[in-house]
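Here come two complexes built around subunit A, the first alongside subunit B, the second alongside subunit C.
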Partner chain A sequence: MILELLIYGFTMGSVYAISALGLSLIYGVARVPNMAYGAFYTLSAYIAFILLNEFSLDFSLCILLSLFVTVAIAIASEKLLIKHILANPNSVIIATISLALFFEGFIQKYQKDSGYSYAYLPSITESVDILGIYISIQRVLIIVVFLVLAVGLHFLMAKTKVGMAIRAVAQNPEEAVAVGISKEKILTIAMGLSAAMAGITGILFGGMQAMSPYMGWPLLIKSLTIVTLGGLGSISGTIMASLILAYTEQVVASLSIGLISLSQFSELVSLILLIVILLFKPTGLLGKTAKEEEIPH
Partner chain B sequence: MPLVPAISENPSYLILLTVANIYAVFTVSFDILSGYTGYVNMGYTFLIAVGGYSAALLNIHCHVSPFLDIIVGGIVSAVTSMLLALPSLRLKGPYFAILSFIYPLIFEKITKIFYPIFRGEDGLAGITSLTESLVTNYYLTLFFAVTSTFLITMCSNSYIGTIFKAIREDETACEASGVNITLYKFTAFTISAFFAGAAGATYGHIFTLVSLDLVSLSLLVTLLTTWIVGGIGTLIGPAAAAYVMYMLDEQLRRIMPEMRTSIFCLVLIFLILLEPQGVFNRIFSDFKKYLRQGINKEGGHFGRKDT
Partner chain C sequence: MPVPSKIESNKEALTKLCVLIIITTMITAAILAHYIIYPMFFLNQVNPSIKIGVLGPLLTPAGRGMLEGVTLAIETINKRGGVLGRYLEVVPYDDAEAGISKSEKGLAGYIKLSTEDKVSVIIGPYSSHVALALLDLLPKYKTLIVTSGAIADEIDKKIAENPTKYKYFFRTHMNATGEAIILWDYLTDICKSLNITKIAIFYENLAWTQGIIEYSKSKAQELGFNLVFLAPIDPTTKSYISELRTAKDKGAQLIYTLFSLADTTVLIKEWYEQKIPAFITGGDMMAEDPTFWNTTAGKAYSYTIVHWGFRAPITNKTEEFYDDYLERFGHTPNFQSYLAYDAVMIWAQAAETTGKLDSDNVADTLLENIYEGVAGRYKFSTTSHSVYVGKNWKTGIYVQWQDNGEQVPIWPSEFLPPGKSIVLPPWMR
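Moving on to the complex of A and B:
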C-alpha cells in the first residue's frame, strides 16, 4: 500500500517536474512567468488528438507533429507579442492570460463540435509487476521520460554554450548582452524549449486523464508553485519541489476527518501553497541564496 | 441615458442597459485601484463574487431585502479585500498580479467543495429581483452607476487620489515623504472592493442568479479590455467604455457565443501591444495637445512649451 502510494506519487511528481522545468526556463529568462504555459500543454494534447482522430495518422507521427506545431505557436507568440511588452511585467501577465484564453476558445469549440465528451490520448495500459505491485507501463514511461529530460536538461545547462547563455541571461541580462549574448535569440530558444516541455507533459498526461479545454490552468498553477518553491534556475530544487507537491497532494487526498473525505481539498494544496510562498518567501524555499535584485521589494 | 425608458419600452434593451450600468460600476471601481495605485488586481472577479454570493445567501436564506443585502455584500467584499491588501504590502508588480490571480481559482474550488452551500457549477438561484419593474431596475442601477462614478471621481480628485497616483509612480519616495502608504493602500482596496461587491450583489438581483460566471476568466478579460479601451486611470473613460463594450459583448454572444472570449482576448492583446495606456487616453491627450497648439497660434504669449 505504502509502496504503491510512493510509486504513484513519484509518477505525478515526474509529470509536475517536466512541466515545472519547462516553465522555469522561460520564467528565468523573461523574468515574468508565461501564463500561457498551460495553454501550450493543452494545445499539444489536443493537436495530437485531432491529428490522430481526424487524419488517422500514426501516433508517433502525431506526437512529433503536435510538438512541432506547439513549439511553432509558442515561438510565434514570443516573436509577435511577448518580446515587445517584456519591459512591463503586468502587461506580459495580462497578455499571456488572454493568449491562453484565446486558444482555449478554439479548443472548446472543437470539443463541442466534434462531440467527444471524453477525449483520451492513447496510452499503454498493460501493467508490469514491480516488487509485487502492478503499475501501468504508461507510468513507467512517464518516469523514464522525466529522468531522461532532467539529465538532458542538466547537461544542456551545464555543458553547452546555449545552456550557459540561458543561465547568463537569467542571472544578469545586462552583462550577458555585454559579453555578446543575443538576449532575443536566448528568449526564443527558451520559449521553444519550454513549449516543448509543456507539449511532452500534455502528450504523456493526456493519456492518463480525460482531456478538457481548461486542463492547462491547474497545471500552470502547480508549475508556478513548484518553481516558486524550488527556486528559479535550480533543476534539483525544482525536482524536489515537484515531489513535495505531488506527495502532499496525495497525502491530503487520502486523509479524512471523521466521515468527510479531504480528497477534494488536494486541488487546493497548490493554490494555497503558492500564496503562502509568495507571501513569506518569494525567492523560494529550496533555491540557492537569492540575489538582492530578485527580491520583489 | 435617463431618457431611454421613455423612448423604448423594449425589455431586452432595458435589461441590456441595466447590466451595462453594473459593468460601469465594475470598471470604475477596478480603475480606482488598478489604474491609480498601479496594483493590477487580477483577482477583481473574486471581490465581485464575494459580494454577489454573500448577498445571495442572505437574500435566499434570511430573506433580507435587496437594498440592505447589496450594502452588506459591499461591506463583506470590502472586508475580504484585506486578503488582497495585506499581500500588497509585501509584493509588487507581477508577483502581486500572480497572487491576486489565484483568489478566483480558490473561490471556484471552494464553491465546488462546499456544494450544499454554494451549489458549485449550478450557482445560487432564487434570488429576489431588485424590484418588480424593469424600468425601476434600470433607473436604480443608473443611479448606482452615476453615484459610484461620482463618489470615486471625487475621491480621486481629492488628496487621497493624489497619494494613490504617488504610490503608483514611486512607492518608496512616497513613503519617504512621510505618507502612511499602508493606510492609503488599504483605503484603495476597500473603496474598490466595496463597489465591486455591491455591484456583484446588484448583478445577482438583476439576473436572480449568481454563478461561477462571476469568477470566470472571460469576465476578467472583458473587464480588462473595457478598462484599457477606456483609458487607464481616467475613471470616466472606463465607465463610458463599459456601455460600448457590453453592447458589443452581447452582440457577439448572439452571433458567435463560443468565440466571444477569444475575440475579446485578441482585442486585448492588440490593445496591450499598440495602446497600453488606453485608447481614450490617447484621444484625450491628442485633443489637449490640439487645444494647446490652437491657443499658442492665437495668443502665444501665455502658452507653455511642451516638455
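Moving on to the complex of A and C:
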C-alpha cells in the first residue's frame, strides 16, 4: 500500500511539476500572470489529436508539430497582445483569460463539429513490475520526462546566459536593459519555453485521460497553487510543492469512513493548501521576499 | 373525296402525340401531387407537424443515442403517415455544459420547448437531477415527459405521493430500484459461478445511483455478500487510481461500476495497468459503445456491462430495430437509442389510441396501454408510473468484452451463444 502510494504519488507529482515549472517560468520568473497557460496545455493535446486523426500523421511527428504550433501561438499571443499591456498586470490577467476562452471556444466547436464525444491521444498502457507494483510505461515515461526537464531547466536558469538574463529581467528590468539585455527577446523566450512545458504536459496527460476543451482550467489552478506554494520563481520550490500536493491528494484519496471512500475530497486539498499558504507564508516554501530578490549593487 | 396531304397527316399525328403527352403529363403530375407533393407541402400546411422535443446532453454518447433514437422513431412513424394524420418533427435542446447536464439549463429547455416550440411531448431529460428540478414545472406547463433516463427513485416516490400533480411524467427506463433488482439477480449468479463473496461498488455521485446503493447495502447483507468498499466518484474525475488501490487493499474480488456520464476508459486502463485482482462489471454508458474496445486498446477484455437493449431476440422488434439503426446512422445503437425510440413509439401509440394530443388524455392512455417495444414490453404502474420489471417485461442483458472486441451476451443464460463462456482477465486465470 505505502509503496504503491509512493510510486503513484511520484508519477502524479511529476505531471504536476512539469506543468507547474512552465507556469513558474512565465509567472514566477518572468512575472507575466499568463492565465492562458492552461489553454496552451489543451491546445497542444488537441493539435496532436487533430493531426493524428484528421491527417493520419505519424504520432511522433504529431507531437513535434503540435509543440511547434503551440509555441508559435504562444509567441504570437505575446507579440500581438501581452507585450503591449505588460505594464498593467490586471490587464494581462483579463486579456489572457479572454485568450484562453477564445481557444476553448475554438476547440469546443471542433469537437462538436467533428462528432468526437471523447478524444484521446495514444498512450503506452502496458505495465512493468516495480517491486511487485504494476505501473504503466506511460507513467515511467512521465517520470523520465519530468527528471530531464527539471535538470534541464535548472541548468538553463543557473548556468546559461539566457537563464541569467531571464532572472535579471524579472528582478530588475531597468538595470537588465542598461547592461544590454533585450527585455522583449527574453520575454519571448520565457513565453515559448513555458508554452512548450504546457504542451508537453498536454501530450503526456492527453493519453491518460479523455481530453476536453475545458481541461486547461483545473491544470491552471493546480499549477498556480503549486507555484504559490513553492514560492514564486523558485524551481526547486515548485518541484517540492508539486510532490507535496500529489502525495497529500493520494493520501486523502486513500482514506475512507466506514465503507465510503473520501477520494472525492482529494481535489479540495490544493485549494486548502493555497489558502493556508497565502495566510501564513505568502512567499511560499522557498520563495524570496521582494527585498531578498534585489540584486546587490 | 380529297386525299389528305402528307403534311396534313403528319400534323394530325403530331397533334395526337401532343395530346398524348399532355394527358400522360397530367396523369403523372396527379400521381406525383397525390403521393409526393401533397404530403410534402400541403399536408403539413393543413395539418402542421407535431413537434417532439429532445432534452439531454446532446454532445455525449447518451445524448447522441437519445436524439438518434427519436429521429429514427419519427422517420418510421412519418413513413406510416404520421400520428393522427400529422407528421412528426424533432426539436432538440442541449441541457449540458462540458458534457454534464445542468439543472438550470434543463429548466430553461423544458420551458422553451413547452412555450416557444409548443412540443407535444419531450423525450428527456437524461439526468435525474434535472428531472427532479423540473418536476414542479409540470403542473404549470403540462407538457408531457416520456424520458429514456432519469432513473432516481425519488421521482417515482413524488409521483406516487401526488399522482395528479406529476401525472405528466413517464420513463421508458426502469427506476433505480428496478436496475438494482436486475443487478442483484445477475450478481447472485455471477458471484456463485466465480466463487466471489467480496464486492466493491464504484458509482457516480449523482441522484440516480443513490437508490441502487441503498438497495445494494441491504441486499448484499441479505444474500450473505460482503460489501467491502463504496467509492462515490465525481463524473468529471480523471483518475481512479486511489479507489482501485483501496478496493484491492480491502480484498474486493468484484468491482461493480455505475456510470452514466464519467469517462471510464481511464478506469479500465488503470484497472488493467495495476492488474487489480477483481472481476470488473457493471452499468457503464461509455463502455457499451463498440469504440470502447479501441479507446481502451483492448484493455476492456472481460469487462462485463449491462445493456438495456442489445441485438438479441428481446422482443420481435429488437433485431430489426438494430439493423435499421445501423443502416440509418452507420453505427450501433446505445441503450438510450433503444429507450428513446420506444419513448416516441409509446407516446404515438397512446395518441393514436385516444385520438387526441393533449397531455391529459395521452397520460391517461399511457397508464392503460401495454406496448411491445424494441427494449422490452412496457406497462406503467398506475401509482408511480414505474415500468414493470421482470422477464416478461423489461430486463437487462449483461454483455462481456471478449477477444477481438467481440461483445458476448453472458446473462441471462438463455442469451449466451453456443460455444461461448464467461472469461476472466489474464492475471486472474
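One rule holds in what follows: the second predicted complex is superposed on the first by the 278 of 297 C-alpha atoms of A that agree within 3 Å, B and C clash if a C-alpha of one lies under 4 Å from a C-alpha of the other, contacts with A are read in each partner's own complex, and residues count from 1 in each chain.
What we mean here is this: a contact is a pair of C-beta atoms (placed from the backbone, for glycine too) under 8 Å apart; a residue touches a chain by one contact, two chains touch by 3 or more.
Model, not experiment: these values are computed from the prediction.
Trainee: Go through the superposed model and pick first if A:Y134 touches only subunit B, second if only subunit C, both, or neither.
Mentor: In the superposition, A:Y134 touches subunit C alone.
Trainee: For A:Q264, select first, second, both or neither according to whether it touches subunit B, subunit C, the two together, or no partner.
Mentor: Both partners, subunit B and subunit C.
Trainee: Please work out whether A:S254 is in contact with subunit B alone, subunit C alone, both, or neither, and reply first, second, both or neither.
Mentor: After superposing on A, A:S254 lies in contact with subunit C but is clear of subunit B.
Trainee: Taking the superposition on A as described, I'd like to know which of subunit B and subunit C A:Y118 touches: first, second, both or neither.
Mentor: The second partner, subunit C, only.
Trainee: Where does A:P33 make contact in the superposed view: on subunit B (first), on subunit C (second), on both, or on neither?
Mentor: Touch status of A:P33: first partner only.
Trainee: For A:P89, using the defined touch cut-off, is the partner it touches subunit B, subunit C, both, or neither? Pick first, second, both or neither.
Mentor: After superposing on A, A:P89 lies in contact with subunit B but is clear of subunit C.
Trainee: List the residues of subunit A that touch subunit B in one complex and subunit C in the other.
Mentor: Residues 112, 264, 267 of subunit A touch both subunit B and subunit C.
Trainee: Taking the complex as given, what residues does subunit C use to touch subunit A?
Mentor: Those in contact with subunit A are residues 59-61, 64, 98-99, 205, 227-234, 238-239, 241-243, 245-246, 249, 263, 265-266, 269, 272-275, 286, 295-297, 299.
Trainee: Which residues of subunit B touch subunit A in their complex?
Mentor: Touching subunit A: residues 40, 42, 87, 90-95, 97-99, 101-102, 105-106, 109-110, 112-113, 217-218, 220-221, 224, 258-262, 264-266, 268-269, 272-273, 276 of subunit B.
Trainee: Help me check something: in the complex, which residues belonging to subunit A touch subunit B?
Mentor: Answer in residue numbers: 32-33, 35, 81, 84-85, 88-95, 97-99, 101-102, 104-106, 108-109, 112, 217, 221, 224, 264-265, 267-268, 271-272, 274-275, 278-279, 282, 296-297.
Trainee: In the complex formed with subunit C, which residues of subunit A make contact?
Mentor: Going through subunit A, the ones touching subunit C are 1, 4-5, 8, 12, 111-112, 117-118, 120, 123, 125, 127, 133-136, 139, 208-210, 212-214, 250, 253-254, 256, 259-261, 263-264, 266-267.
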